[in-house]
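Shared between the two complexes below is chain A, which pairs with chain B and chain C, respectively.
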Partner chain A sequence: MTNMNLYSRGDKMFVILNMVLIALFTLSTLYPFIYIASLSMSTGFEARAGNVILTPVGFTLEAYKQVLSEPQFWNSYKNTFIYTIGGTLMSLAFIIPGAYALSRPQLYGRRFWNLMVAFTMWFHAGMIPFFLNMRDLGLLDSYFGIIIGFAVNGFNIILLRNFFEGIPQSFEEAARMDGANEFQVLWKVYLPLSKPAIATVALFCVVSRWNGFFWAMVLLQDDSKIPLQVYLRKVIADLSDDEEFATSLLNAAYSFETVSAAIIVCSIIPILLIYPFLQKYFSKGILLGGVKE
Partner chain B sequence: MSGPVEKAGTSSAEMAVAAQGRVLAPKRSKLDRLVGHLRREWQLYVMLLPTIIWLLVFLYKPMYGLQIAFKDYSVFRGIANSPWIGFEHFETLFGNEQFLRALKNTIYISMLSLVFGFPMPILLALMFNEILNQWFKKTAQTIVYLPHFISSVIIAGIVITAFSPSAGIVNTVLGWFGYDSVYFLTKPEWFRPIFVGTSIWQEAGFQSIVYLAAIAGVSPTLYESAVVDGASRWQMMWKITIPSIMPTIIIMLIIRIGNMLEVSFEMIILLYQPATYQTADVVNTFIYRQGIQGGQYDLAGAAGLFNAVVAFVLVMTANTISKRYSRTSLW
Partner chain C sequence: MAGVELKSIVKAYGAVQVVHGIDLDVQEKEFVVLVGPSGCGKSTTLRMIAGLEEISDGELTIDGRVVNNVAPKDRDVAMVFQNYALYPHLNVAENIAFGLRIRKEGQKAIDDAVEEVSGILGLRDYLERRPADLSGGQRQRVAMGRAIVRRPKVFLFDEPLSNLDAKLRTQMRAEIKRLHKRLGVTSIYVTHDQVEAMTLADRIVVMHDGRIEQIGTPMELFLNPVNSFVAGFLGAPPMNQIKGKIVAGSNGPAADLGGQHIALAPLPGLQNAVGREVIVGVRPEYAQIVTEKQDGAIMGELDLVETLGSEALLHMSVGGAPFVIRTETLGNINKLEAVKGFTAAPELIKVFDAKTGMALSGQTRVE
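Right, the complex of A and B next:
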């Protein structure tokens, strides 16, 4: 298979055409990011005039100065970190012990509990009852509401439970002989063996928290508590609606295009930093997850 | 569901004790056994409890709250004390042009995503499989998976910027060819192509992982004997690779149809405007505007219930079909 000489001329054409098409698709994926990055480093005037194509025109970091000097930007950045770290830890605190218990064969009513988890993946009450419930629980406009309200996710529990079930019982026998209880077995035997699966679940949580936008927008009215995504949405919506602002900036070093591009770049950077881990664990995760009941 | 509880997982010493207990007291009642089981295994239930309570409070309690779909809900009376009005909200909905439009748009947009979005990851996976240069393959994969991890707000921000009438790259390029600038995001006829194109751009690469895994599972001996027979790569793709991954393709198709109603409305909320509602408004965005923004919780709740029930039926049907097809459940 690996020997190029085995291929006929038709094969070579096929291989080359294929590479060109993949390269085109890859570039079309990459280009919007390059475009936004270049826009964020161009002057407002050039951006407005539509002169930015590939590289920054009239290089300036004025848009970044605008973004970084805005206290609300830092505040929502901080909030995003609180929701991401707090939310992920909260999720793991629920999911790890829960999935472990569901994986134990001696659990009474195991089928029932598992069905109770799986059912939430098939049927969801929907937006309005969920919202009214959060309101009735007094969890509107609160950090805690966002962190606890989305802590558990059926898919993640099932993914981790499947992984725990795949660990042979023989691994825990030594610990059992030493009189370890369930908590100790989970902590000392299962957790060290499940690092990749737990990393996968943790990264699922991190990404959904970091990117979470809809419920943060709906549940948080107080600007001091909104995460970065909601802030970004507000900036884009406000600036593009504000004709006065737009025209007043015609000759400025920055414009609403360059400012929103700069915020986009700032909020992508953390995802890019953890991207090598994401790529490694996510593909394992989707293959582990949707397989069996 | 009951069965012998003192089976696997407990130490052999405990098992011996349990066995002995059974011999000495053969008529232990069910309750006694349960108490004994809980005394031994209480820790498992302590571990399970937080998750179960969470599910009850945050997911099952709202299901109880779905009754507002059949009630004249008032904030002051609360869900339980509001009067029942039967199917009035559903009658209102199905006489409401906006709701019917949203329903039609939901189906239309999911159809478009299915027809154009479903084949893309398969095509990509087949193409990635034909690449021999590992460095090139890895780099390309790394890049095309990336948009999956980017939030919808950012993707929408990129789309809004790129399609902007004054500064956007799309209009700049159109300008080169002498076209006038178009404010795409205010044009109803452009909304669906932009939305579907964006979701394909964002997800096709990542979705190809499933098919790549299926291709990796194809037995190499099939290819080896094909090479001996002088088959070309094109023939091997059609005669070996595609038939081998057909079960995966069919299962993914069934899942996809099962999730038809799950149009990513977050992205629609970010991209649509009143000018494009006629083609862009889907059931979930309708619910959001009527309920969360407009405060008509009962009517929006009825639309949500309708959506949830149809989605549930679709998903369960899809699961049953795929179980029969592959003899493995999806979950």
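Right, the complex of A and C next:
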């Protein structure tokens, strides 16, 4: 524990202010989670009435029963997994070799290619042309369209490229002397050394795929292919438009607020579960000891 | 095992040429050391032999085969890097085995090879460790293990000891020498440490500004440097070099060093040379101390005495030019502070042309 006596008055104020700000920040991040979780476990009546603030009011799991008994929920849940896993693997399959190539000094036209990739970070064609492009390629309403259409992302490529560039060139040279070809250099030396960076990029891909909403809504008409986020929106839109449903449920155990909250909780859980699994890669300094500068 | 031949090898980065046509013939089993000041092109030359740098012009032959356009992995050479470049994610055994694994050797062969190499290098107890958990000397050994395990035709070393402390460097230097005796693999070794060059080399190649100044055995280069650059590069401390002018001495040629005359051997290069501007070179070891003015001695002022134990370095000033004498302390220790000058045997004095730096004196031999 810090010894506060070592601080001057001004320093003490500063430390206290810091702690207060950090506490506020933590609360503001955590509160929506707590609120949604509590909402999903409250009765529909209390939720409608706006009585849920911190803890569940009139505890019930009725909303979950409703959600989990709906086949469309499970189907879109499955779709989200397909888009997330398929999309992340596809992204890594493009991003890793692309970033590696761009990091090699011997790449012909390296500056040009790097510029081309960086260019896409600031400028793109825009929504309508992209939609038309996907339509003309026959990629509407298809799993593959969603997966391939967003597989490559300039930011992730540059991120990983910078990491590869930071790995001393002599590892590549040693591997080449040892008989490795380009592919083996990447696979057996650079990839194992880049686990933290690849985990970071993979997490970015996973999160953006998991939360991906807008383009899935635009590109997918077929309800059997929509992901969870689009399904959630559909539920909210359908139920809240339905006056009759709303009034008939005045006293019911669930309402569309609690149902949507339950869907949100269900959709957050997998991401929360995978983060600790990836996190171990973030703190490790694996490059240590291999070379001496 | 095989020889390596460089014919007019040139390296240019764009318009900048950094290696200007090098000719070198490394014999089978020979240990050749490339030495020279920083930036003279040693690493570049070595890396061209390794295949890590493209050869801009000239022809490189390994074991009788021209390999200019052969990939590093197909040249059958192994390299030890200055920074070791051990794979951090692999343990010692896996680091050593990496090359064999890439070449799809059988597991049994790999195990045997790792066993043998780790035995030779004293790494048996560390096979499971990661590079991060090894000392500098152990890492150095693993780097060598990785090179020798493949039994390549040629070993290349780029300043492999420069990251070690002085004591370990001396120890590893001896180990490299022993290893070369044992394995007899053709080796090319880059360093800017002239002691490493002298102790390890069968032949030394002195480089300067992308050119070879001289090739020869350590003693040849030490005794008969072809020019003042080589003379100043090899030896610690290096050869003293004082500007002077050839004059006719009482018996044979002499050099006038700002009023004092030093006798030179009557060498062919010095005939009809009276009046020529020269540089007179005297190795610190070959200068004999004098404490009183005497015939043929060159007098100067003593600045500083550095006692090293068995020897001492006397820093003098001769006609304004610095001059170092290296002498035994045994029997001399009380005289050192009283030194007023030196004498040197004429046949051990080197003379270089002041303009070109080329040696004028003939061959010195030591029996």
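Just so it is clear, the second predicted complex is superposed on the first by the 254 of 293 C-alpha atoms of A that agree within 3 Å, B and C clash if a C-alpha of one lies under 4 Å from a C-alpha of the other, contacts with A are read in each partner's own complex, and residues count from 1 in each chain.
Basically, a contact is a pair of C-beta atoms (placed from the backbone, for glycine too) under 8 Å apart; a residue touches a chain by one contact, two chains touch by 3 or more.
For clarity, every value in this text was computed on a predicted model and none was experimentally measured.
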Would you sort A:29 into first (chain B), second (chain C), both or neither based on which partner it touches? first
### Query
Does chain B (first) or chain C (second) touch A:158, or do both, or does neither?
first
Quiz item: If you stack the two complexes on chain A, which partner ends up touching A:189: first (chain B), second (chain C), both, or neither?
Solution: second
Task: Which superposed partner A:210 touches (first chain B, second chain C, both, neither) - done: first
(message) One more residue to check, A:257. First (chain B), second (chain C), both or neither?
(response) first
Item to complete: For A:128, select first, second, both or neither according to whether it touches chain B, chain C, the two together, or no partner.
Response: first
Counting residues of chain A touched by each of chain B and chain C, the higher count belongs to B
After lining up the shared chain so the two structures overlap, which partner does A:117 touch, if you call chain B first and chain C second: first, second, both or neither? first
Q: Figure out whether A:171 sits in contact with chain B (first) or chain C (second), or with both, or with neither.
A: second
Both chain B and chain C touch chain A at residues 173, 176-177, 181, 286-287, 290-293
Residue set of chain A touching chain C in the complex reads 168, 170-171, 173-181, 184, 188-189, 192-193, 286-293
Interface with chain A, chain B side, in the complex: residues 1-2, 5-11, 34, 37-38, 41, 43-48, 50-52, 54-55, 57-63, 65-66, 68, 78-79, 124, 127-128, 130-133, 136, 139-140, 142-147, 149-154, 156-158, 160-162, 164, 166-169, 171-172, 175, 201, 205-206, 209-210, 213, 220, 223-224, 227, 232-234, 255, 266, 269-270, 284, 287-288, 291-292, 297, 300-301, 304-305, 307-308, 311-312, 315-316, 319, 328-331
Seen from chain A, its contact residues with chain B in the complex are 1-2, 4, 6-8, 10-11, 14-15, 18-19, 21-23, 25-26, 28-30, 32-33, 35-36, 39, 47-53, 93-95, 97-98, 100-102, 104-113, 116-118, 120-133, 136-137, 148-149, 151-152, 157-158, 169, 173, 176-177, 181-183, 186, 207, 210-214, 218, 229-230, 232-233, 236, 240, 255, 257, 260-261, 263-264, 267-268, 271, 275, 278-279, 282-283, 286-287, 290-293
In their shared complex, chain A is touched by residues of chain C numbered 50-52, 71-73, 77-79, 81, 83-89, 98-99, 102-103, 130-134, 136, 139, 146, 150, 163
